[in-house]
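Look for chain A in each of the two complexes below; its partner is chain B in the first and chain C in the second.
For the complex of A and B:
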């Protein structure tokens, strides 16, 4: 039982990263009907920005200096996303979705190349105060960083959902996502909707990247975790925010449970099967519900 | 006054759909714009409200002015902010949002007066108040039309452009929508009413225009149009076209017939 709970705790912590990333993908998808492949680069850029900021803010007592660095880093990447949307993506609006998706891939590569210059070949600490420390919760060893990740993610998700439910801009984004022409007819600026979605996705990716880098630090391969958001959004459905969150946590849990138990129950699958387990679950779900667990039926895949 | 002068609209750079349309909507009035399917009525409304771009359409000649200021180069958000609001053909409600969320989206450009406008809209359409937490997609056709109109009113526009509000509604509901348009107009909103149901539109409009093939072919006080035998006869499809030839013609004939029923 303890082993199980430990696996669940780790899964929820890691799942937070996937959920935040998946939310970014879904927010952009809902506003532009494009899957943005720039998310992994935003993740890397965010973690990197936070690592420098945390260094600069060492004077502030732990963990507040780190949290401040996290907020500033997220704002910075949000501005980066905003700028990229305005200069590179906006002029392409109206072009085939495929073309825009390829451009986001180009953005991803460029941003990562620049980020790599700052990272260098070594692992760069992100400056978090937790490392791999654990605490004992009723006999279950839980990593401190996983608790922080889970709590922060739950808070962020709550803020995000209230934004979409109650705020003027959030409602406008939902309306524009449902029917762009009718949103225009209500006086909504679709440009503002696009820009906001990129800024939000950038900020979410920055937080996800920073969380991923706690414990192990930042290296040039950090972005690969960004690919784990794909099974998460496909599980949840490309156009469902709730689905992204549930998909993200599901992927985290599946990975963690498989890593814990597969050696005992199915050793013939080989070592490290947990790394691909999320993709296996994704394929199984796609067989039953091609539009994801919570997605809209008509949604096409890119 | 909203004035359209000599307007030409082209879709996809080649398809000329409006060929020199002129029309005036004086403040405080209800003006009817009639015409068969494909005449170009919706295109004219799109041109006024800045929605041509979505359809690869463009104003190539002429002008649209609001109180003598040109607006045909403005974007949709700007035009809504200037007080012109369109209710699109087929309601186009945000089906996934609740009724009240739809209304709040309608208030996007006028969030300051949300409370008053919400009270006004619920006063006009009490059924929307009863259903305000309901997902809009589950409303009936008539309720959806009311929601679309209420949503447009949420920014308190001075001009309301209605595209075929009676389409697909039962006669009793058409009556109700008609009375609501009169009420909205009496509260101070100018209305440009596009309809195929000519009897309904002309019964409440001051002035009427008839459009055909992208041109205004008739422009008279509503009362005179209602009495005009030529118009009735022509739009009943009993004119020069002669015998019914194909299924398509039959459909066309029926459509025209309904137009004056």
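For the complex of A and C:
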């Protein structure tokens, strides 16, 4: 039982990273119907920015210095997202979505390579105050960083959902995602909606990347985690914010449970099967529900 | 039937008007494989040049690269069939390349070694087997494509790459395991090793000629496919699958067919590519390989066979060309490990090239050629 609870705790911690990334994917998808493959690069850039900022802000007592660095880093990547949307994505509005998706792949390659130059070949610490410390909660060892990640993610999700529900811009974004032309006719600036969604996705990816880097540090392979959010968004449905959060936590839990038990029950699947278990779950769900668990079914007209 | 009848009528007219490309006087003329006189002349001239001057006039180091590029072109044509013509976005091409490469390696490998081998080194046999096994895998995956569309499909095929990577890393008896790898397919025909230096030709010359011949065969087959009924059905499915269904094109059937043929091409390309390279490592079949093939299709021009070949050669040559950059631009370091070194620059170039091409010339290299041609066709009134 303790093993199980520990796996669940680890899974929820890791799942919060996937949930944040998945939210970024879904926000961009809802505004422009494009899956942005640039999220992994934003994640890497965010973690890198935070690690430099945390170094510069060492004078501020822990953990506030780290949190300040996290906020500044997220703002920085949000600005990067804004810039990229304005220069590269905006001229492509109206072109086939696949073309835009491939452009984001190109952006991903460029941004990631530039980030790698700053990381170098060694592992770079992100400057978090927790490391791999864990505390005992009723007999279950839980890593401190996982608790912080989970709490921050829950807070962020709450803020995001109330933003979409109650704010003017949030309402505009929902309207634009529902029907772009009608939204334009109501006086909504769809350009602002695009820009905001890219900035939000960038900031969320930056936070996710930083969380992923706590404990082990940043290395050149950190971005691969970004692609694991893809099964999460497919599971939840590409255009469902709630689905993204649920999908993210599901992927985290599945991975953690498979990593814990697969060695005993199904060793023939090979070492590190947990790394690809999310993709297997994705394939199985898609065979039954082609639009994910909460995605909107497209109504097709000829 | 219609084509048959109209061709005979139009032969005379086309002969009179050969200096006016794109002035077609009949449907059959439009559908011909090389439908204008300049095309006929240029294609024959290019194939002759590639078969005579290039293998004897260029150093072996370049021939090796060219052979890789030509093998990759077969794979790019395959991806173009499913993505450019049938409109089904696939990021899983690396998976099918891997299946082809490993089928061929296992068939032609030496028996009784550390990795599986059956000792069948006859080239046409393992090449065909590689294509067929990969094609069957494609047909198995295809039902997903009939249920999913657009970006859902792209992400699922991307998942395929990761699953494949895991399987190939774990199945050490077949692949030799990560970091170690195994020997690539052994190209042998009638007792001749094609990758070793012989009396007449060097190994690189032989491999170059082999890939050239195979590319011509595969390209002609693909061109014939896309100008036939099947090709038109692919285009209908790409443009609007429901409309295609309504006019009586079986969407499921053609999607499965497109995936099968594309995977067959990928399997053959994988086998050939690693026969040229000589060594297969499971880590190499990653997402970057898939992206490189997508880049070949997009930079070359989606929905064109000649574009795929141009794109494949361009992408294969790119790392070699960026190696030359330090001699032109002194601030770039030729040290591989340096941050702004040639290796990193080559990858940054991929990224920038994809972005710039898609923004400024969505039809790729093929589109640039069309613009050059149109400029001269209307010369001196080029506006």
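As a convention for this text, the second predicted complex is superposed on the first by the 298 of 302 C-alpha atoms of A that agree within 3 Å, B and C clash if a C-alpha of one lies under 4 Å from a C-alpha of the other, contacts with A are read in each partner's own complex, and residues count from 1 in each chain.
Please note the rule applied: a residue touches a chain if its C-beta (ideal position, glycine included) is under 8 Å from a C-beta of that chain, and two chains touch if they have at least 3 such contacts.
The model shown is predicted, which means the values in this text are computed figures rather than measured ones.
With both structures placed on the common chain, the touch criterion links A:105 to chain C but leaves chain B unconnected.
Shared-chain residue A:79: touches no atom of chain B or chain C. Look at A:171: by the touch rule set out above, it reaches chain B but stays clear of chain C. Set side by side, chain B and chain C differ in how many residues of chain A they touch, and the one touching more is C.
By the touch criterion defined above, A:151 lies against neither chain B nor chain C after alignment on the C-alpha atoms of chain A. In the overlay built on the shared chain, the residue A:181 is in contact with chain B alone; chain C does not reach it. No residue of chain A touches both chain B in one complex and chain C in the other.
Residues of chain A touching chain B in their complex: 168, 171-172, 174-175, 178-189.
For chain C in complex with chain A, the residues that touch the partner chain are 89, 144, 147-148, 150-152, 154-156, 158-159, 162-163, 165-167, 169-170, 240, 242-243, 246, 287, 291, 294, 298, 337, 339-340, 344, 347-348, 350-355, 358-359, 362. Of all residues in chain B, those touching chain A in their complex are 49-51, 54, 75-77, 80-81, 85-86, 88, 92-97, 101, 104-106, 108-109, 111, 151, 155. By the touch criterion stated above, chain A contacts chain C in their complex at residues 34-35, 88, 91-92, 95, 97-99, 101-103, 105-110, 113-114, 116-117, 120-121, 227, 230-231, 233-234, 238, 270-273, 275-276, 279-280, 282-283, 286-287, 290-291, 300-302.
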